[in-house]
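The structure under discussion appears below in the form of structure tokens.
First chain written, first letter: the chains are A, B and C, and each begins at residue 1.
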């Protein structure tokens, strides 16, 4: 087999809330090859952000294994984890909230270098900061500015530079462009692609925007209320969406073209709560094909075609 | 052709804000017309002046620091700047109503949904409290929320439901013009699809004209009849859907399309617009888009383009379409 | 490398921004004068002859060229006593507030950051402290340890701890869920690093306001302790003690209470002006 960087087995993350147990991520399994991108798509509350954080142990997973370069990182100590953090990084959604407003650009980018005591002298560290700034396309004169003086696109570049400071192998991108304007969004997406090509990075790309994920990912996982409903290569998923939720999701994207309007599947109702979920398929209450068994048994994720997994009782009929 | 009826006509509107950092030229000569019963999409990025344009129609620009320096906004044949504040209050919510981007903060958390809608009705119609609440319930049913939920508070509703409540509130007095400021940006795609669908149906039913403010060209393609592309406080291109999508003329519009990932052709590389929106306190000389424009020439740096009509419906502000400027798009790159 | 991008020092920048605030500079000026006065008190007015020596012939005299602020009930020069008293009052005010701030601030920060059981234990202990009137608490501590100035400061400091714990806890809780805290964890920062480098700098505003205000409280608490004989011992001068001893002459010789009172008011005002300025200067977002 090929070179697997990250393998996740039956990852679960539950939160205890006053209303009951919230099943944020409920049994996630996937393998990610080095240098590839896995897209994780879903709507708010589907557990996609929690997934990214559980893999990096920013939230301790409830159960399951996260095997990074052959080592199960859910079993190692906090201290070892702190060391490993230099190899696994994260880019956050909100470039306004994810940067400390009291620090200058250079301080923010130097933070990981300082924490991991990479450089003994200040000059070398400052040089590395400037290198990183150049890498992500930030002008040198911005070193002493504060984040609030910059626009969203530049702030997101700071976040990317900080994530790259330790030469990581794996980066979780949590909605990195959803807070940005269209033209800036494209700049950042291109930058992330270039960095992946030049530095051989492996990404997990979390987003709600299907057109972005299609452009960006090799494989896509579609999540609904903590469960994976469909997992396939991007090409496959967009060509042959199988799960009723994936179909509805794809049809709901507004396409910027006035030709060939497609039939839209309007889902009824809204996403339910993942607190104390009832048995059965979690999508059943909104599914137009739902039969009795859908409300009783949870569908397993089955391989319908090589590399194309669907969790639906009637997957073979669609 | 017969005279077209317009529900709103904006002519040469200019708005500026005086701040400590200098004067922000938010809007610099905007012309907009919305035909009765039609939807106009106003597209642009953060800071282009979309929301300021909308607030000007309702005369809700905070003054100070905001100041309308020129132009007129004609609603039903009369310039809104000539109305008294009292008359204006009657217009807001009754003739023109607005839907804001964030459904979470647009509702008062301590008043029930039913009462909030009823309040709007009572403000504009002579009706008793009971009748107003009855009407509020009907309106809720219309947007797909059971009338029995009228006694519930906003926190008991999800984001999509709240946006429906806001739509109900905006349409309850049957306004002639509905301004929707990014109404679905805060919602998930499947919910967005529901809400857009609902807005379309209600609009058709009541014959309401709509100003749809958005940054999403996909939404524009779906709900609008005409489109205005806004950049740095100016309309840089205006036309019907077909004009804009199939005969894209302005380099900025072209850049917007190039920035969108194509869902059909995933390998196609993105062609983003380089650079950033200009600083509105310090707009560049000449065409405000020239620092980011790949076709920009020396002339673009000094000469402000004027509105050029390409057809009856399609107009653009770019030197390349003016005669005798020697600026061309595509052929020779500067 | 370009010299124009050389790193500006944080302190220099804060100072630069502080200098632009006229009111803060006024406050700083007043404080500097007071501190200089305290340092050179012996040069300006001799302790033995002017501050503690009684002169019953000249008691209760109003302000004059000889005695700028008049004399007290024992004929001592009030100006000289205020000058020497500033040594005690300023030191007590600043040190006891620092004690409250450091102990209370850290407890509050830990409680707010970790939440759950840690929070519960720390805050319930603070509640117990709050239930006891702070002056009673201070009295108990001084009575147990002795009336040395150091114990007085400690006692007043400790009685202010719960207030700071509450304020800092609330401020930390409002900041700790912001994404930049999580992003610091993602790059491998430890919890103490996160608390002290990421969170606390963003909680400065309420802390500084409270600190400048409570200096006044500390000076008055010292006075109360002195009044019941547990603070500064007579005849040593102390502003609060002077204030309370002049009370009985309020009707005939108002100046005895007026001038020490003014000294306290001006000190607090100066501290507040400086505190406000400092709060703004420490926040880079307010920079123009």
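Keep this in mind: contacts are C-beta pairs under 8 Å (C-beta built on N, C-alpha and C of every residue); 3 or more make two chains touch, one makes a residue touch a chain.
Because the structure is predicted, anything quoted here is derived from the model rather than measured.
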Chain centres computed over CA atoms; the one at greatest distance from chain A is chain C
Identity of the most central chain, Cα criterion:
A
Two chains sharing the most contacts, counting C-beta pairs only
A-B
Based only on mean CA positions, could you tell me how far chain A sits from chain B in angstrom?
32
Length of the line joining the C-alpha centres of chain A and chain C, rounded to whole Å:
49
Distance between the centres, which are taken as Cα means, of chain C and chain B, whole angstrom
54
Overlap residues in chain B, where contacts from two or more other chains coincide:
none
In the complex with chain A, residue positions of chain C that touch it
1-2, 4-5, 7-8, 178-180, 182-190, 193, 198, 201-202, 282-285, 287
Residue set of chain A touching chain B in the complex reads 43-44, 151-154, 181-187, 189-190, 208, 210-212, 214-216, 234-235, 238, 248-249, 251-258, 264, 266-267, 270-271
Would you pull the chain B residues touching chain A in the complex into a rising list?
45-46, 158-161, 188-194, 196-197, 215-222, 241-242, 245-246, 255-263, 266, 269-274, 276-277
Mind pulling up the chain A residues that touch chain C in the complex?
53, 56, 58, 82-83, 85-86, 89-90, 92-94, 97-102, 104, 106, 111-112, 115-116, 126-127, 130, 140-141, 143-144, 146, 148, 159, 162-163, 165-166
